[in-house]
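Shared between the two complexes below is chain A, which pairs with chain B and chain C, respectively.
The block that comes next holds the complex of A and B.
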């Protein structure tokens, strides 16, 4: 009875928030409440089938519909998807195996550049024949290829460094990411591989193989409208696949070996866990997730340059994993969603709000201190520019008050 | 080949100057690692803070009209002391707020907190300078005394700035050596680094010694910041990351926790970088130039860690208890 009531309430909530978001497409709060419905879904005590159905309803039907009203919603959703996938990949390395990787974005960068170079005229600079850009159909080949290449680079980096103790490993991975970034930034000579700091564009988008089908049903959607939806569904499929793979891995022999290594490496080795091989596998799996997202990112952005792959990105993804709860799949998803929303919507929203206040020139009266005109509010004070400050503060406070994250893995929670 | 020999003295000089700066910053990392066994990620921001205090003091003196009146050495002393003291206290405050509550927990937690502190300080500094000066890219006012050069040989002209870096760093390193090895406080620091529990049983106030270590490390970082600012003129809140990374590399290179190791590692890295910056393009006929100096530095770090996991001079950290 109770669960039925909760489910009904949730349905009502989803319906209301979607209606509000539909009729007030500019309101940040309305869209946030739609996003929050997924979180509520996680907490509500309802049968599994109902939860999955409602979740699919929101993700597959309602969000795309809202996204066609306000395109920015889809953009936010795609970004969230990209970061969820990255966070899930890093979660394997940091959360399951317990290896601190501060250069995770390197794998993402390598494969983003892989598609960028061959999916744009860039490759003509060093391979004669004018074969490039490759036809969009190659996108899916590269998506699969990137998984292999990501796993290989992950293992290649892992091979020499996995003997190192935690902190050293962190620094070496950071160094690796900086090396990758420096190479990408400078390999425009002697051979122009990456076009250096100017970046690469235009990068081919994935093929619209289903367009004849749409035409057949009499749907005429412009490419400009179709592509965001297409990317949204691509990233959705990718994220779902990653979640499925991670879940299967987590409860398998491999996942248990990883956790054993995380808890006590020596004990794990004594129990016959092949420590080095398992660590390498963790590195490779995490890297392959990031690589797949990299290809998608390059195709979505059309233009990429080294600026997208800074240390800040690595730390951002790490923060997502840690804030959500290391070693927990819902945690990584929640962390990635929360941080992305914070960056894309909350801070920007606050900046706009403060700007509005400034322009309104309202008087703020503080007792005993007199009144203060809001138009005097310093223009430098813009929350969107100080994301690192907000971020840093959140990280410190979380570490002091809730180091295990918002949604720690269930087994640990029971203890 | 002739060209290579001709620029050699200049390259050596650049490398030595850079090496001293890395050594000063690396000491902050290594000393903290010695007592707490964790990477004080925010140390690079303490370094930047030092650079900013330096430029602020100089700008304040300039606007008050003292810059032309006072003897340049007094000005330098004032700037250096101010930034060392403020950076030292900032490092202490950081330890108190962001690290001490986390002592005894997993090391990853403290490291994340340090990363958070680093970000907070970067943007905090930016916010402060934007409100105060309307820009966060600050230029060191030029001092005539420092812009002079001393010609030593036909192909070697030493700027006074470089002499300043070398002399100050040498004096500080000597002072630090005496402090750590010959004074009671230094002995306390070494005792805590070896074994905090036993040290505490012997009546060493461990928390205060840790705070003192942060102060000393922070002050050295602040000094490095001022010297960096004076030498390269331009500072912004984000300049710290790369020198900080390099300095940490230097600390690891020499063996972390090892004070002479940090000096050796810093000097090696500085020289290596200067050589890479000047000779890479000569060696590869211009195919790879000075922009690869960071790549070389990090590759060396990775190689050293692979083949000599404990650094060149060996780690000096306590054996972790099983």
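The block that comes next holds the complex of A and C.
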């Protein structure tokens, strides 16, 4: 009875929030309430099947529909997807294996550049024959290739540094990421591999192999409208695959070995866990997730340069994992979603609102102090300018009041 | 033929000779104790045996196989597992997960098998859980399997360490002060458990222990270490009357009061 009521409530909530968002496409709050429906799905005690169905409905049908009304929503959703995938990858290294990695963005950068170089005319600069850009069909080959290359670079970085522990390892990973960034920044001479700080453009987008099918059904969608939807579904599939892989690894001897290493390396070894091999595997799996997202990111952006892969990116993803709850898959997802929404929507939305107030020239009357014209509000008050500060404050408050994160790992309940 | 054979094991840490030519043999079906004053090298011997330290000299043979140079996980796979003097559980994992980690070397599903959830994976995983529950039962922890390890009481944590060590299906179990901090009743219960293990779960047990009631009550053989050297070995009754042991460790009055 209770679960039926919950299901009904959920359906009603989703319907209302989607309708509101549909008819008020400019309202940030309306879209936020749609996003909140997914969080609600996680918490409400409805049957598993219902939850999966409703989640799929929101993600596969409702969000794309809303996105075709307001394209910015799709952009937000794609960004969220990218960060969720990165956070899930880092969560394996930091949350499961317990190795602090401050340079996670390096793996993301390497494979973003991989597709950027070969999926654009850039490769002509060092491979003669005018073969490049490769046809968009190669995108999927590179996506698969990036998983392998990511795993290999992860393991290669792991090999020399996994003897280090804690702080020392963190410093080395930080250095690694800076080396990668410096390389892409400077490898424009003697041979122009990366085009240096000017970045690479235009990068091929993935092939629209399904377009004939759409035409067949009489759907004529312009490419400008189609590509955001396409990327949205690509990242959705990628994120779902990553979640599935992570869950299966977590609930196996590998996931248990990872956590055992995190808890006590010596005891883990004494219990028969091959510590070095398991750490390498963790590094490789995490890196392969980041790599796959990197390829997608390059194709989506069309233009990339070293600026996209700074230390702050690594720290940002780490903060998402920590805020969400280290070692917890729902935590990493929530952390990445929350922080991305905060940056892209909440703070920007507040700035817009404040700007609106300023331009309206309204007067604020405070008793005893007189009135104050809002048009005099200094531009420095714009919340978007305080993105990092607000973010930092949230981090500090979280670490004081909920150091284990919003959704820390849960234990199996009794059957 | 001995199950375990140590010959002339030496280990030096800088200027400290932690172990000086220790030899020891352990037969099938035997419970042996390692006693000696603090700092005598008992735990160092365990760490050397389990691959955490490499001995400077000497040989270790387990079931006619040399263990020298093997990593800890390989030694566990070969059939020796241990508990720790200062409890080293995986605190933020459940009781069941702790025991399941102990089975790591016995589970063989490959990475593709795990990702694709092959039938083999399910069979192994179910069997592992069944066996884990059996060990949890054996160590009187039933009903607590889904609690975090750090939520257990001290005595329960000690028992969980034993269950976790047994999960690796060892031939030889090394227990580092298993009854430390326990009261007489709890210690008695553990002694009963140890006797039950021999022949059913393990072939032999080697324990480090300071509680002389446990040592004298359970051991088939006692080895005494002092300053890294073995000063005596024998049946509990022989050892307790050995003047060197009395001088180095037991003291004169220890038997008059509580033996």
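Going forward, the second predicted complex is superposed on the first by the 407 of 415 C-alpha atoms of A that agree within 3 Å, B and C clash if a C-alpha of one lies under 4 Å from a C-alpha of the other, contacts with A are read in each partner's own complex, and residues count from 1 in each chain.
One rule holds for everything that comes next: a residue touches a chain if its C-beta (ideal position, glycine included) is under 8 Å from a C-beta of that chain, and two chains touch if they have at least 3 such contacts.
As the structure is a prediction and not an experimental result, all values here were calculated from the model.
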Of the two partners chain B and chain C, more of chain A gets touched by chain B
Output check: A:152 vs chain B and chain C. Expected answer is one of first, second, both, neither. What do you get? neither
Where does A:260 make contact in the superposed view: on chain B (first), on chain C (second), on both, or on neither?
second
In the superposed arrangement, which partner chain does A:20 touch: chain B (first), chain C (second), both, or neither? neither
_So in the superposed three-chain picture, is A:342 touching just chain B, just chain C, both, or none of them (first/second/both/neither)?_
neither
When the two structures are overlaid on chain A, which partner does A:179 contact: first (chain B), second (chain C), both, or neither? first
Check the residue A:161 against both partner chains and state whether it touches chain B (first), chain C (second), both, or neither.
first
Chain A contact set shared between chain B and chain C covers 266
Residue set of chain A touching chain B in the complex reads 100, 160-161, 163-164, 166-168, 170-172, 174-176, 178-179, 182-183, 185-186, 189-190, 266, 311, 315, 318-319, 322, 378, 380-381, 385-389, 391-396, 399-400, 403
Listed in rising order, the residues of chain C that touch chain A in the complex are 50-52, 71-73, 76-77, 81-82, 84, 88-94, 96-97, 100-107, 109, 111, 114-115, 117, 121, 125, 128, 146-148, 164-165, 167-168
Listed in rising order, chain A residues that touch chain C in their complex are 245, 248-249, 252-254, 256-257, 259-260, 262-264, 266-275, 281, 327, 409, 411-414
Interface with chain A, chain B side, in the complex: residues 38-39, 97-98, 101-102, 105-113, 115-124, 126-127, 130-131, 134, 241, 245, 248-249, 252, 287-288, 291-292, 294-295, 298-299, 301-302, 305-306, 309, 322
